[in-house]
Amino acid sequence: MVDLKYKATESRANCVEVTAMGLKSFEKHQEGIRDGREVYFEGERVTDVTTHPVLGAGMAFAAIDYRLAEEKEHRELAVCTDPKTGELYSRFYRIPETADDLLKRRELIAAGSRVNGGPPLIKEIGTDALFALHIVSDHMDKRLGTSVLPKVRNYFGTCRSLDLSFAVAQTDVKGDRGKRPSEQHNPDVYLRVVERRKDGIVVRGAKAHTTASPFADELIVLPTRAMAEADADYAVAFAVPVATPGIKLIAGISSHPGGNRFDYPVTTDLKMVDTVTVFDDVFVPWERVFLCGEWQYAGALANAFVEFHRFTAASYKLPMCELFIGSAQLIAEYNGVANVTHVRDKIMELIAWTETTRGLLVAAAMEHRIVSPGIAVPSVTLTNIAKHHFARNYHAMVQNLQDIAGGLLVTAPFRKDWENEATRGYLDHYLGGVEGVSGVQRVRAMKLIRDIAASAFGGYQEILSIHAEGSLAAQRITILRDYDVKRCVGIVKSYLKD
Amino acid sequence: MVDLKYKATESRANCVEVTAMGLKSFEKHQEGIRDGREVYFEGERVTDVTTHPVLGAGMAFAAIDYRLAEEKEHRELAVCTDPKTGELYSRFYRIPETADDLLKRRELIAAGSRVNGGPPLIKEIGTDALFALHIVSDHMDKRLGTSVLPKVRNYFGTCRSLDLSFAVAQTDVKGDRGKRPSEQHNPDVYLRVVERRKDGIVVRGAKAHTTASPFADELIVLPTRAMAEADADYAVAFAVPVATPGIKLIAGISSHPGGNRFDYPVTTDLKMVDTVTVFDDVFVPWERVFLCGEWQYAGALANAFVEFHRFTAASYKLPMCELFIGSAQLIAEYNGVANVTHVRDKIMELIAWTETTRGLLVAAAMEHRIVSPGIAVPSVTLTNIAKHHFARNYHAMVQNLQDIAGGLLVTAPFRKDWENEATRGYLDHYLGGVEGVSGVQRVRAMKLIRDIAASAFGGYQEILSIHAEGSLAAQRITILRDYDVKRCVGIVKSYLKD
Amino acid sequence: MVDLKYKATESRANCVEVTAMGLKSFEKHQEGIRDGREVYFEGERVTDVTTHPVLGAGMAFAAIDYRLAEEKEHRELAVCTDPKTGELYSRFYRIPETADDLLKRRELIAAGSRVNGGPPLIKEIGTDALFALHIVSDHMDKRLGTSVLPKVRNYFGTCRSLDLSFAVAQTDVKGDRGKRPSEQHNPDVYLRVVERRKDGIVVRGAKAHTTASPFADELIVLPTRAMAEADADYAVAFAVPVATPGIKLIAGISSHPGGNRFDYPVTTDLKMVDTVTVFDDVFVPWERVFLCGEWQYAGALANAFVEFHRFTAASYKLPMCELFIGSAQLIAEYNGVANVTHVRDKIMELIAWTETTRGLLVAAAMEHRIVSPGIAVPSVTLTNIAKHHFARNYHAMVQNLQDIAGGLLVTAPFRKDWENEATRGYLDHYLGGVEGVSGVQRVRAMKLIRDIAASAFGGYQEILSIHAEGSLAAQRITILRDYDVKRCVGIVKSYLKD
Amino acid sequence: MVDLKYKATESRANCVEVTAMGLKSFEKHQEGIRDGREVYFEGERVTDVTTHPVLGAGMAFAAIDYRLAEEKEHRELAVCTDPKTGELYSRFYRIPETADDLLKRRELIAAGSRVNGGPPLIKEIGTDALFALHIVSDHMDKRLGTSVLPKVRNYFGTCRSLDLSFAVAQTDVKGDRGKRPSEQHNPDVYLRVVERRKDGIVVRGAKAHTTASPFADELIVLPTRAMAEADADYAVAFAVPVATPGIKLIAGISSHPGGNRFDYPVTTDLKMVDTVTVFDDVFVPWERVFLCGEWQYAGALANAFVEFHRFTAASYKLPMCELFIGSAQLIAEYNGVANVTHVRDKIMELIAWTETTRGLLVAAAMEHRIVSPGIAVPSVTLTNIAKHHFARNYHAMVQNLQDIAGGLLVTAPFRKDWENEATRGYLDHYLGGVEGVSGVQRVRAMKLIRDIAASAFGGYQEILSIHAEGSLAAQRITILRDYDVKRCVGIVKSYLKD
């Protein structure tokens, strides 16, 4: 079990008091999620996720967003002041209106990811979804005469005041991916409305890979794709507390559940948890329903969310890229090959990959669009290119890193071998690197690289790179849709007129 | 021969009067370069480059920078006002101090390139060199006690007042590339000082591929690489008028010298001219000598120049990328394959390539460094990644474009076949595309693509992509040198300490 | 004009007498094609292709197949003896029955291409088509009760006896590529039967890029794609003499029409000629008609042809690959960079590319399938992978070669500059490479690389790589269709059954 | 613990009696390795590897070579008859003299790998080493007058008669990779002779990643690189029984040590074990010493071994490639996306990758060289290109497979979740694929893909692909060294002579 007390103590020293209105402390958050939510892990019901030996670490990891606001170093970045009320609130809740808002949000996400060793999770995804809900409901209200934007604003305001956290459940389990929701032989493989009541709706279905849901306050549910009129029952979006009756979270973990810091220097603390999220006829009151039958807006909402979320995602991936660069350089030095041409070339490629992703996000923020009701949306073309560049090249970068490290990456002895007196001396004697680098030093650097790039977690990261926040194919289509190809055709035609 | 009169007339309508101090008209520039310069082309001495049937077009192409300042549409971008004197001057002479200066410079270069169908040439490269000379001479003066910065400022001021244009001669012919200048069996393969006199120096050598030199006022000469003490005679930089005695320009052209707009819709006007530039014991007065023996600064100067110049270069290449996108889309529509998955995928890749290059330049401008004596240098890492991304993928993009177009690209009949009554009817009847697209329309689109991407000019562009402004290898080394890898190693080490 | 007399004389010395039955001499072939065929080039009707200044060189190039049979060095490879009659005949006519037959055919094609500097053309493509006609007509006769195989055998026998040569006209001009033949708004964009007469059929249409047709005896016409019943009129295959009334050849050339061996060391002789081939209501007698309305076999015939032809094509491309390797190495040595890591790496990639293509063809021959009526078909999967590997990487290999050579590739002076006394001395002095390599030597090597990989011909080769013998997409589909994926699924399932 | 009894029973049914001279049974082999060898695993000394819960499975996996000879289906391939003595012996011991010998060896290796789900190990690597020892000792005896070949022959004969198995310890732990053995600050990081006695030598050092050593009879030790005279003590090769005093095997495993067939359908049985192999002053009698001080032959021996071994390695990797193809197709069908263009394209790439590797090996066997003393060596160029092609593209193929499968690959529930009644019903209901594919069926296919390509074992395989049998860089250098570049330069020069 991860030593939460130690971590808490350590962090205290660098913390300010969090007593301000609108900011919730890490401890308070922990208390809040001990609410009877129905979570399963490794075949058993978990009664308290905060004290569970594995999920407890997952909670500590996911909740970094609360800790950032408490740390002196990050407080200025993490906390905003409402100019009217003087109220403090988490920056994640700041609706972006300028390039600077977007860049600061990007930096905050990157900071959380850097402190944490992996993506912070429980405010960024949810606020991405809420920004999208503002935009789409505004548009829908104007076209269809609905009145959803006020509900969204109201919900957003409450969450901001209480400093709540979120998981977003979007990806349906889908069944036959070649068919629309209403064409499936099992009608439940896309989440849908099974009953409309005076006071609200009842929904049924299941969403795959919902990240961090056992540790969030609220669950925001969005449709996963564009729909046709026949799919109207599947065009549904809403928000509910995680502990709502009927919601079942079947959780899995990305990395070795146990782990020790020798063999798993990064993932002993970095515990990403996803759930298959089942909605077994869950009731949602109308004031929390944001889409219900307006099938024309299902695709728009799905897209508006991922467009924000790809900006977020490419941001939180960058600290992992920096681990790639740093560990490649470190092991190259330990191995005595830091000046070999092909090694330098591979490190150069790691840098170019990282900085291309980061640079394109900066440009995307600079070239944002203001969309009604007044939200700055980062350039869709540039954001998607950034995300696609990151994802398309992820495996090649894993190969570069592994190539530099060498075969010991997977054949080096583990902690138990170092603890055994019969073998430890040999390992110390034989596994050192260049002069001054001991066996244990070099092997620990190897283990770190294995942990992030040649392990179950490494595999999880590979999948994440190409499937989280939409597939490569989805990004390619978005780029084509957003870019103004006609302008280029016009230039060409100007050469062809007589 | 290209119809310059027509072009001049046409452009007149959209022009403002250029009478202001500090701005030179296109015509005035033309007059100025009829100065007896020693130019050879296709084996013959050219007496007047402005009226030569081929080089005249090259001059019109190279001098777009002057025309831009005359056109209403671009005047605001192309012309600046000195806040102290109120004097107007070409924006190319604006020493960048902010992100906005860099972004405007980038836009101006792109505008010239877009209007022209290819890179504008005679102010941007020279001012890149002059910015570098400011930085390096300032540094050198402080360290070595020389007094070069005042000479640079003085030269720069004069050029700005007279609105002069430049070619930059940097790449030595090099001989054995595995040896330093002083180790060569032929001592002349790097340009060097052969005599130091009271009033100046005498230089000997030859520079390869000097772009647009027959059409520029001044020739700026820079060293091409870092040097050791033994190479001191080769550490030389200066500026001279092109018509200086002893300078011989042996010119070549990038595209079909003749050409007609049917077969060569782009390169009939786009005539890039490079010279082997011979310095047959050329005298340079001291006030025009900026480096002479200070071998420690040869590499710094070479680098400072290309760091600006790669920002310039990646900027002027973008309009060509847009031609790739536009012509790929157009021919796909003509062929009836615009909705085929692999075609869309290839167009997506053209877009991602273009926008990655452009986006990284925007980010490079945003993240500039201010370098003494107060010049904003775009982020070296991001600029080099932008240029490298463009160059590394150029051939793959050519392949994408050619793949979409189809084999008719090279087997389609030429203008003469369309002019022959015996065959024209068949060509009209058979070579059309989707309904509404005639044979001649489709073939002209094919010829445009052939012209830019499957011709002698196409080959020239391929070479340019990977050799102009330094090789791929040079960019890779620069990225490694500029990026802060140690910061990343530090993060990794934080995981490995107990 | 190319000096054919010189070439003829030169080759005489190494020749045997060609008087044997079944073998036609080069001169005889030349005479034979002076038959009034209707050829247009650069807007004019050509009365005799053998004496035309440009096309004459094309003829000499295309007819290498005849010269090979006359040369002592290649005679054994190029000529076979009929075991029954003792008659000699060209190996191209040997119907492959064993791996050895396929490997010898591959070697003969490679030999022709190596001697010629480019693909030999006028027997290999045609015999590929004839092998396919044997297979498909046999199958069709058995299923549909037609009687086409005897006609094919008869035609094949006659051609073999007379040692005739062929062009194959397959690719229709296609119009809207998104539509089938019978759906086009212009019904003529696929070749079709417009009249069925007692003695034969009348066809109308046009075929694009028919290679070497002005220099062949016979024109074999094949359908270009699979067809539906509505397309029956378009399902037509036949053979006619090139000089048949109504056939019009509108010719174009791949390289600089003129050229001199200094500036164009390879393509001065390597003149590939393609035509748009118009069929203006051409009559074909029944004994020469091999498909007429059997729409079910149009796709099979198109495929059977390209499956042989891709084996041929990948074979004749290899000598060009060897020029890439050799010239990369040579220029690296001249430049003094042969030991630089990235240069060596790029040469390694050129080798791997070449040998992968070649090795896969060897394996394809080894793993042939015997198809009724007894013809050895090289492994379709391996042949297509070989061709696809060659094509997919062609542009990357061009980039490697250009990268090693350097910018002088396109800016080096041309022959006229070397002939001018005013500049020659400078060029000699300055453009040399490592000690012992003169300026003219190094520039000539540069010109060779430019000629094959950075010129109009270079562009033509790029297009050829990805469009000739079917697009990359066509090869990918063929691989998927031919490979036994089910076997692999079966292995996977064996792990999942319990 | 793996159920060996079950497996043994199952296989009995398909077995012939193995009583022949020269063939050892699986059971006999098992007995033989219960010899007191010093093995450590997870920090503890293992007294009997054959009954250890984890290593026992590793033994069953490694010893497939013995089982193959017992199975009717493979016996003909696996067993040879000595033409002189009539004695039966394992085909692995057949010294290749023809293409057919090489192709059969390739097929046998592939068969073992296919039956086993992974590379067979304990005869192929060792015989590769023995073939190399024949060649190099023959050459050395002739040049240096040593008499090693007879010792090699003698050792080989004995091993063949007793049907022994091997591990090969080659890769030294290396310390500072930028330094030669004799330059290291720790003199033991390359294995070396520390004492020369009348009856033999004493060696000290450690070898990294020795595959399957706990399960083999003999340990063959080879040098890992070329050496200089100063390194003479490090130029040492020999063979010893694994249980020789002083040899310590510190073992690690490639996959989840436990595992169950639901979550780990492949690696529950596929247990690859590598050791850090320590030589703590081990005595070797002279008749088992094959190299001792002849530093000139250290590099040749290292190379000769890997040249055989890369042929072996590329052979045994192919069945894993087939699992990639089959599982990609299966999951695509389950997901309902088998006809989507980009999915088909990725499956095509998996096929092309697999068949390119395989086809090049076939060609390498065809184009073997006979090397004294009469051994057929597969084409070094083609073998290395095959191996390099496999390895260079491995990660890209992992990406293809993961892309097709989708995110459930890592977020799908595990066996325990299916065993829990509270959640099983939901999983069944929601996780199915196309009609007819149940949740458990689809998730098991996902788990198989995760097991081979997104797990600790997946990471191990990635490392193996680029580090086992030499790095990518080593293969690139070998290709350059073996290929006849000069021939290509000669062709180019023939165009440049006047």
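Side notes on the structure shown:
Each chain gets a letter, A, B, C and D, in the order it is written, and its residues are counted from 1.
We adopt the following convention: a contact is a pair of C-beta atoms (placed from the backbone, for glycine too) under 8 Å apart; a residue touches a chain by one contact, two chains touch by 3 or more.
Everything numeric in this text was worked out from a predicted model, so none of it was measured.
Touching subunit A and subunit C together: B, D. The two sequence copies subunit B and subunit C touch through a face in which the numbers common to both exceed half of the numbers used overall. The geometric centre of subunit B is 39 Å away from that of subunit C, both derived from CA atoms.
One simple way to say how far apart two chains are is to compare their mean CA positions; for subunit A and subunit B this gives 43 Å.
Touching of two or more other chains is recorded for residues 342, 345 of subunit A. Chain contact topology: the protein chains form a complete graph, every chain touching every other one.
Those residues of subunit D lying in contact with subunit B across their complex are 341-342, 345.
Subunit A contributes residues 40, 42-45, 171, 173, 175-179, 185-186, 188-189, 205-206, 208-209, 248, 250, 252, 254, 274, 276, 278, 280, 335-337, 339-340, 342, 394-396, 398-399, 402-403, 406-414, 416-417, 419-420, 422-423, 426-427, 429-435, 450, 453-456, 458-460, 462-464, 466-468, 471-473 to its touches with subunit D in the complex.
On subunit B, the positions that touch subunit A within their shared complex are 114, 117, 265-266, 319, 322-323, 325-327, 329-330, 344-345, 347-348, 351-352, 355-356, 358-360, 362-364, 366-367, 381-382, 385-386, 388-389, 441, 444-445, 448, 476, 479-480, 483, 485, 487-493, 495-496.
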